[in-house]
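First subunit A sits with subunit B, and in the next complex the same chain sits with subunit C.
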Partner chain A sequence: MDRIDARVLTISRLRPFRSSATTFGVLIGSGFRRYSTYRQATIAGSFTNIVFGFLRCYVLLAVVAGTGTQRAAGYDAEQLATYVWVGQGLLAVIGLWGWTELAERIRTGDIAADLLRPVAPVPAYLAADLGRALHAMLTRFGPPLLAGAVFFPLHVPSRWQTVPLFLLSVVLAVVICFGCRYVVNATAYWLHDARGPIMLWTLGAGVLGGLYFPLRLLPEWMTVTLWLGTPMPSLLQAPLDVIAERDPPGLQAGLVGVQACWAVLALSLAALVQRRAERKLVVQGG
Partner chain B sequence: MIELQDLRKDFTVRVKAGRLRREKRVVTAVDGVSLRIDRGEMVGYIGPNGAGKSTTLKMLTGVLMPSAGEVSVCGLAPVPQRTRLALRIGVVFGQRSQLWWDLPLRESFALLRHIYRVPSADHEARLRRCRALLDLDAFLDTPVRQLSLGQRMRGELTAALLHGPEVLFLDEPTIGLDVVSKQAVRAFLAELGATGDVTLVLTTHDLADIERLCERLVVIDHGRVVHDGTIEALHERYGSRRTLVADLERPLPENFTLPGAVLTSVEAGRHRVTFALESAGAGAAVAGLVSAVGVRDLSLLEPDIEDVVARLYAGGGA
Partner chain C sequence: MGELRAYAALLGAQARSVLSYRASFLVEVAGNMGATVFDVLTVLVLFRATPRVGGFTLEQALLMVGISSAGFALADMLVGNVDRLKVYVRAGTLDAVLVRPLPALPQLLLMDLPLRKALRVVFGFTVLGGAIAINDIDWTPARVALVALAPGAAAAFFGSIFVISAALAFWWVESGEMGAAFTYGGRDFTSYPITVYGEWFRGLFAYALGFAFVAYQPALALLGRTDPLGLPGWAGYLSPLVALLAATVATGVWRAGIRQYRSTGS
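So, the complex of A and B:
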């Protein structure tokens, strides 16, 4: 029988950046692969998104009709329909709800396995989440948008920069949302059970993110305060305003700029919380 | 390879004391453990539930911050240098999984290769050996969530070894496994230990694991080391003795004595007797028995480690 080779590895110090990028890329692939195994969930989720899309769309179109000016909060009817249907498509991409993996792993003590890997947890989870988002973009984004386009007139972007800006804005929204979810989940390090914070987050992200209604319906001072003071509008409202071309080009790009700042902040906060947690960490179970 | 100096871990727990009041109480899980484990050693680390085994292991692997004392594994300080240490150690927790629940083993392994940045050829070679020794081929493409416990554990062992660790920590690797899987895991670990390259630290409640694998046994109770040495030394220290069971030609006479042995039981109309041997050799006792009453059949039983350890635990390590 062959003997087991257990010599020490010599890790190539050459091009460490490239190899980090490869590891990150492979982790993205793993996130994609993990979500691609749940096909029925993907179909069921798309169906739900479409049903709720009709509900939301008719409500907002009624608001426009009610104003008598064909505009509400600076959107016309086509822009609002785009706002709703692109928003329904983005829900799963951004992953506003339902991610409790980290909190669960902390609660059960499985987090130990993550800590025993030679990669820091925040980048590793981020990569997996980007993979998840990529999978959702390819499977969950299209169906609601298609349904919306079939049943409602949608706003077609007229500026050349809108689509690239929108894609950038979506990536940033995914990163910000990941950072927030990570921090919310990480409260389990202290609380052992993060259900309370997660519920608060679910409620807050929906209301303040622009899902239940466009935040532009609020008084302007409140919208600006929310936008600059919290990451919430950068989650959903920002990419939707970009694609609906709600604002002039300067402000449109500015929204993405604000997102970039929040992305850096959210990731830094997640990393800080993780470092703090490791110092006091109690891995559950024997 | 591994050095502990006066390692301690205290946990603060809040205990209910009255309707609203909570009292803080300090519980010491590990209470000044000092150990030195050299390269290639296979060490069994045992103790009753709650003795501090897993806590020690968590501190050695860097997932738990010690309250006091020094730890060094592979020359690194586990908590501050955790990610560097992770490249050089392998860990298997019998009650946790390091595999990806949704992915087949094959993909989990490929992912681990990138996470640990193992050169492709090394990865292939190690995986090939594990596949052969642990019989993985039948379920390499099954998602981990559908594997049986025995299959998953074989996957876990492979996952812990693919990056060629210098130290392997195993926390109850055979827990819940059936006899065949247990034997497969033990045989694999014995093979691994025989190379002398891997240092192996094993915690378990199954003493057969220890007898099969470890020359050195560290017993911990209430956070303190109560024994550190070979299994033989443990037997010697606690006076466990071999027993001689004999079927006799004629019934054993009353007040019969054998030199160097103590009669412990008499059965079957004084035809079957059991003696506890006090000396190392059984020759004198056997000869005495044969000449006095004649022996039809006899067997010599090795001392049972379970008994010794049970006595050790019950006595609080005294």
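So, the complex of A and C:
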């Protein structure tokens, strides 16, 4: 009995990583499946995106026509049309609005169930959100882009790196948006009712994200300050400028670099807020 | 009289419940006003790039924005929350409303009267007032009457659109954000001179649905400009009539919806 089998104690160094990667993957899959059950809402949402695409596209094209130079804020007409229609497609992918699930769970006390799980809340919710985004990319991204391509001449990317950069930029935007929404929702840990912060977020993200108008129409100092000082332009403006090839290749890649920094920052902040909240949390309800 | 008292009780309960969360209420008041402020800022930003959009100057465009946002804010405050109907249909709350001895629509509106949207109405009318001041309007009695009626007509029109798109939920519960294409979409549409839109899109929204008569035609009539799209000068004075027509259609659609409503049983 004095001979202990040492092999039992040898644990594969990769195993914890592999199992958490599997868990993460399974959570992404379940997020995807959850949203694939809302088929009618997908159709209704796409319809609305397309109507708003027409509204914004016509107005911006009228602005270009009004300048008399065929360009506005550094975009030509085709680039602006691409900006609008890809933007309408991305709106659901990024999931800018409407996520109040975490705040609701905190308010009702359901969050207690999340805290008991062996997966930390931030990665678990992130995985579910990535699944949601993947589903939206496959269903909600195409229709507005198709409608735009049928009715307006769009800008076709001419650089080889544009499409891969765009995809990377979209993934980063989804992560940044998730991190921001998580922090906004997590204010419910302290406030119980996060309606106020959620409303301010809804308001700020649309305008400062570049949905209502390209931020490049603002004075340059203001655009740069927003871009470096807030995560908002990294949500929509950055992927849209990448796909529209608004800037020379160096700056185009730089926009994605800025996004990467914001993605790290947003996730760290979400994790930090979650840790602080867990220290003082009193679960509501009975 | 008893009916009025019942409505007053519903309204009072609503006001008390809203005011018990004072900080949330204040943030929501500010946030709601911010939404309209940003809509107006968007117009200002677009005009930074060019002196004319669709052949109109910033001052003239602001007159349209003013009528549109004053009307929309008023409609959104009074009837905007009817778009929660799909939630009520799905949750079965509507059944409770229908068994009470009061008409369903006023009850639904008072169940969630958004006092938080009040400041936004003030802002909308401020923009309209400013726009009237900076434009050189040749005042006639007809124009004075029009400027007094136009925001109300716009509100009635938007209100009708709110009711019609919400009533969609009677036939299609999962209609989701579809109504927003016509309510918020209509507000965006009417905030710009309709000359900017493509022909068939304009035909659909402006003339078939009637959005041209919300802000564009009344603004032309106030400014005394001929319509580059060819409608006669008196078209702007039709806006109260168009609003009345829309309200009639909305009433019909609402009644048809209520008649064919089947409870989800939950």
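We adopt the following convention: the second predicted complex is superposed on the first by the 272 of 286 C-alpha atoms of A that agree within 3 Å, B and C clash if a C-alpha of one lies under 4 Å from a C-alpha of the other, contacts with A are read in each partner's own complex, and residues count from 1 in each chain.
In this text, contacts are C-beta pairs under 8 Å (C-beta built on N, C-alpha and C of every residue); 3 or more make two chains touch, one makes a residue touch a chain.
Here the structure is a predicted model, which means the values were calculated and not measured.
Visitor: Contact-wise, after the overlay, does A:D110 reach subunit B, subunit C, both or neither (first, second, both, neither)?
Guide: After superposing on A, A:D110 lies in contact with subunit B but is clear of subunit C.
Visitor: Once chain A of both complexes is superposed, is A:K280 in touch with subunit B (first), subunit C (second), both, or neither?
Guide: Once the two structures are laid over each other on A, A:K280 reaches subunit B alone.
Visitor: If we overlay the two complexes on their shared chain A, which of subunit B and subunit C does A:R34 touch? Say first, second, both or neither.
Guide: Touch status of A:R34: first partner only.
Visitor: Mind working out whether A:G66 is in touch with subunit B, subunit C, both or neither, as first, second, both or neither?
Guide: A:G66 sits against subunit C, while subunit B stays out of touch.
Visitor: State whether A:L265 touches subunit B only (first), subunit C only (second), both chains, or neither.
Guide: neither
Visitor: A:V156 in the overlay: touching subunit B, subunit C, both, or neither? Say first, second, both or neither.
Guide: Neither subunit B nor subunit C is touched by A:V156.
Visitor: After overlaying the two complexes on chain A, where does the subunit B footprint on subunit A coincide with the subunit C footprint?
Guide: Common interface on subunit A, subunit B vs subunit C: 38.
Visitor: Where on subunit B is subunit A touching in the complex?
Guide: 11, 49-50, 53-54, 58, 61-65, 79, 82-84, 86-89, 91, 93, 95-98, 100, 102-103, 107, 111, 114-119, 122, 125-126, 129-130, 132-133, 143, 161, 163-166, 191-192, 194-195, 197-198
Visitor: Show which residues of subunit C lie in contact with subunit A when the two form their complex.
Guide: Spelled out, the residues of subunit C in touch with subunit A are 21, 23-24, 27-28, 31-32, 34-35, 38, 41-42, 45-46, 48-54, 172, 174-178, 180-182, 185, 188-189, 192, 195-198, 201.
Visitor: Write out the stretch or stretches of subunit A touching subunit C in their complex.
Guide: On the subunit A side, the touching residues are 38, 40-41, 44-45, 47-48, 51-52, 54-56, 58-64, 66-68, 72-73, 151, 193, 195-197, 199-200, 202-203, 206-207, 212-213, 217-218.
Visitor: Show which residues of subunit A lie in contact with subunit B when the two form their complex.
Guide: Within the complex, subunit A contacts subunit B at residues 1-9, 11-12, 19, 22-23, 26-27, 30, 33-34, 37-38, 108-110, 112-113, 115-120, 124, 278-283, 285-286.
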